[in-house]
């Protein structure tokens, strides 16, 4: 089997696990709704991105694409995009460095895209700096959105931007259920633990914490939530979890998972109180939730008994205990498991597709600021997911619509 | 045992089941935080109200109280309040009629209360009409709040009002867990069904629907949600429930519970498609969610095989089936069970207490509109509930507080 | 509405909630499978019993019936049986005393029944003493079965007896799910507590304990199991419950439920360690699991703040706490709620019906001992319940049947 | 890092995840309870086996060990055992073939072991053929036990054998919770699916099926059980699962998992009725539950879109659908995930250790047949697991012990 058919296989697998985007493209490709629209895109060059780009192309768009990270492009995907997809100009170097990386962004902008889709905000920043004539943009990541909100505050945005992923659908399917599953998966894959007989502490009861706690409990673990917000703490308590201060949970729990967005959640005052053999990991975006720097200082002779598992010993002579850190405190679902599966990217990229179509029609009536995903599109995506699962719902009768207005 | 000690027993039982309000009063009674404050209150005259009034009195307040409904006063409670609580003027007639009912409101207002607490909005309306000099008010019910919002829109409010019960704590503890339990309780008490082997349809996945669905599932039922909002439908689906259109659920489900706030949710087109022996009930505030008028027309010879259970037969000759309506479509947790237990009223009245204390300090800086329960008070109540259950939570370190600001 | 139609209504309601027995009778009434068989029955005279007796009559049997307890007969049911059911001789006095009670048993035996169905074992004992010529018998209760096993050991049984309720179906539907629900129901009905925010200790993780724990957890409670058998303790632990010794659970749990079959499970050493306001109740058959005698000695001035709730104070001067006992330690689901619903009796009496039919054919090949419910009948009942719920299952292919034999 | 320290690391990791066996050895190593006892063992040469062998050695035993499978020995483990463990004679060839494999068994028997521990029954058969003088034996696998039961029936056993793994502890921790987790893990690892939004059919509701269904549901899936036994079907139904005949589940479920012990559970009549994109896998021991032979005939051009995932197309021209088979129908938790983790082997090998100690004392009083794990040992293991998790339980008072005897 040659490499061509391999790349085709990779694409087809991803496509087969992205049913919602398939539904959307089936709907919009007939009308060529994006006919002759020029899109500039800066995304990780993965098979899921190939599915998105192919979908947009089938809806009539002309696409210029460059990578969102100099290292994240996959060669097979590049091959596939070069050989198979019409209307796509791919600006990527086989051995990308930072210089070629930024040049590729410029080359995308040189094609004068009307709508810009970005993952990280770099392409948007360049477009704004170049005073490029752009109708609207979408942004995929939270950190990109934060940057753009800053620019918006300072009145520097030159076109409206939709934060494509700030939606109920994304929070439910990605943050809660997607990350909930892949975090536990990462823990099992790296350590081989049985979940059912473990005591697990989840730090943070936001969307990710809720998801992680739910999956862990669903697999039989006894889960305790550590929180700083009393309303989230009460919610956790009524959802059936124990709630307690981290300090008092250290000595009798087996696994600790940080999902807070904070830093030093598990820090220097905690480690020596841990139960012998405890396992620590982080499900948050940044690797600052567990104080790894301190750990490495504390025990310079730490070692890895298994790949992605580091064993530390506390340095108090009177009480020398060992415990384990997974994936060096980096986000465990990405490093220890596959991270976002095609099914989750299906939601993210369906969001992108709907946002692009929306901008192609409505951008002229929007102002130059960052928009959350419009509620209407959030509901539309919900409807598509329901349809994919064969789930029908009710609708209000005209009488009922007026009842609410009384 | 004489009637006096009976009323004392009733009061003590309610008080013993209202630990949060007890905590609050322990805190505020020393400082007499409401010292010499005059309160005008219009509430149902129940033991729980007696606990609230006693608490306010112990915090130093002078209280005038009249009933919120001509029929809801309980004689034992009146006796208790007359004999036992200092600083309370009780304006209530043993055989209240509408005329005496409104007169009692006037007598409360004649005492020139500085803060008015109402259940339904009648006392507020009177106070506004009388151009009474009032510092601020609180309102207990949704329907009262709606009325007051209307007045606020028209610029007619003459003092700020806190919608005491629009809080996360109330939604979680009353709407979701309180009503969830008491609705299922009402169904069991009236019909004696086993829940574990039933198929149950919950119409509406708002807070009440979520609570009812959760309890039913927790007791073993197979629960399907009927919804009109695709985002709530997706949430239900991911929460593990089946979701479907009511129409297709009629024939193979055993119990139907409406929790929508809508009218005619189960109506004339549905009844003859029901499964033989199906049970219908309503957990919504108004008795319009099931079209009872049509039912009574359809089968004039309906009868009650058990108290609070009405048996109807469909009138299609080719397919004559019977089904049951509980509590004539009126809210099943109040009519078929005890409704709000002291523990739930504990949350509502703690809300009231905190709102009154808040108004006593902050009203002068507020404008004449309806406020939601301030987030700070919502969190404070959460903290009190956590403390009651012996649950400690974490707090951010100074470094962590600045981390979020970066 | 006169009393006649009332008794008819009560019968019809019970019948409508006993679908399995209805299915059985539909099947057997055509063939009159019990044609001219004479049955002697000693059962509680309830509507559910009326449904059983009517079913047997429709299958062709001639029935003589007397009450299983001098006090348990309901007048309406007697009226109903007298007026409506063919082939039934009812031997019951309106004001039964122990003398008439035993005489009525003799009158049943005087009719020379071929099969005897008993609830308690009294009728069987009489039949054996009288050297009555009986083909076989069934027994409804555990205590009756125990007595008969004793007789069997001593070689004194004169006919084979089926312990009709010793079956998986009964254990699942009655002990686990039926009692699980009605026990929690009894607690809510008597005390009005919210379950979702409670810590509950279930003593004993047998069938009843499993059911009670499951329902309590399903309604949101945090449940801890106290056990003496390490294998049941491990099962509870892996089922997601906390497990601990009662001693250490007393101070921080809200509700204690005994389901052990033991005596003095909560006894004199425990009461003064309870949490202030704790609630105690018993789900076991006998009222010995909580040491009520000691309680009444300890606090002679105990009183009932609510019906079925008794308040006790500990008598240690340094630490005077109150706690509550429900239904005086008697089985809470019967005294505080309705106990066995028609749906549960449907299983018990379907067991009886199938056992009687079985005896009518097979008794001659059986020896004079106590039999458990034959597995084949247990499976048949399971199939009927599945059919009632519209549930189909698979069957083995002939190839698969031989595969197992390889 | 050299290979020596690598093998040491592998051993230490396994040991650190086998706390129960560590507890046992701590207890028995002081008394050298197996002092000078000669053990002959035939086991897979894994790190977990190294932990068992080391434990037995520390308890005083002299061990001869050979591999249970010519291919399953891991070189690092061999190195470790050679260099680190006293009192162990290891009979294994670096490149084992069947001839050397059987010779190694003979060499083990040549050491005249008093107790024989086997995994598969081969060593027992040889020992019996050689009329070896053996005190007793233990057997690890079901298939070995079945063989030995056959020999026992024919009166050919020459020493008593304990089926070490036929215990509640093994069924709970390995079959139910261990396999439940690792089966779902295998599915996620090979396919990357999100479980929460899937419809999953579990064929078979034995211990493994119960575990798989529980974990799948716990992660949010909608689970339906296909069963042939009506009592297991009812149990599944009351446990909250849907139950249905496989035939009717094919078209609208996403994932099918066989856990039956049967063959051709999903066979030629089923495949073309599957939902497009369905995923099939097997959690049973043998790869016969899904008819893979037919599949390969049906679609000779099947291919693997991902490792361990095979894509088949149905061959009906009018309805050409694709679906996926995981790990070619072989047991998905072993092939697609790590299978039995050290924590599960901890239970199995603790069973072995306790059985060996038991035999060392009691064998002389036992007869030459296959024994289930004695209840007393099952309970002892349960107590050790409870202790490991810091769980205390109650014990009966002397009065209570006599109460049961009344």
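Per-chain numbering from 1; labels A, B, C and D assigned in written order.
Quick note on the criterion: a residue touches a chain if its C-beta (ideal position, glycine included) is under 8 Å from a C-beta of that chain, and two chains touch if they have at least 3 such contacts.
Here the structure is a predicted model, which means the values were calculated and not measured.
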item	value
Third chains touching both chain C and chain B	A, D
Chain separated most widely from chain D, comparing mean CA positions	B
C-D or B-D - the one linked by more C-beta pairs in contact	C-D
Inter-chain centre distance, chain C versus chain D - centres from mean C-alpha coordinates, in Å	40
Separation of chain A from chain D, taking each centre as the mean of its C-alpha atoms, in whole Å	37
Distance between chain centroids, defined by C-alpha means - chain B, chain D (Å)	54
In chain A, residues with contacts to at least two other chains	173, 177, 196-197, 217, 220, 237-238, 385, 389
Touching residues (chain side chain B, partner chain A) in the complex	168-169, 172-173, 176-177, 226-231, 233-235, 237-238, 243-248, 262-264, 378-379, 382-383, 385-386, 389, 391-397, 399-400, 403-404
Residue ranges of chain B touching chain C (in the complex, touch as defined)	9-10, 12-13, 16-17, 19, 173, 177-178, 180-181, 185, 188-189, 192-197, 214-215, 217-220, 252, 277, 303, 305-306, 322, 338, 341-344, 385, 389-390
Chain B - residues contacting chain D, complex	196-197, 217, 220, 222, 237-238, 240, 242
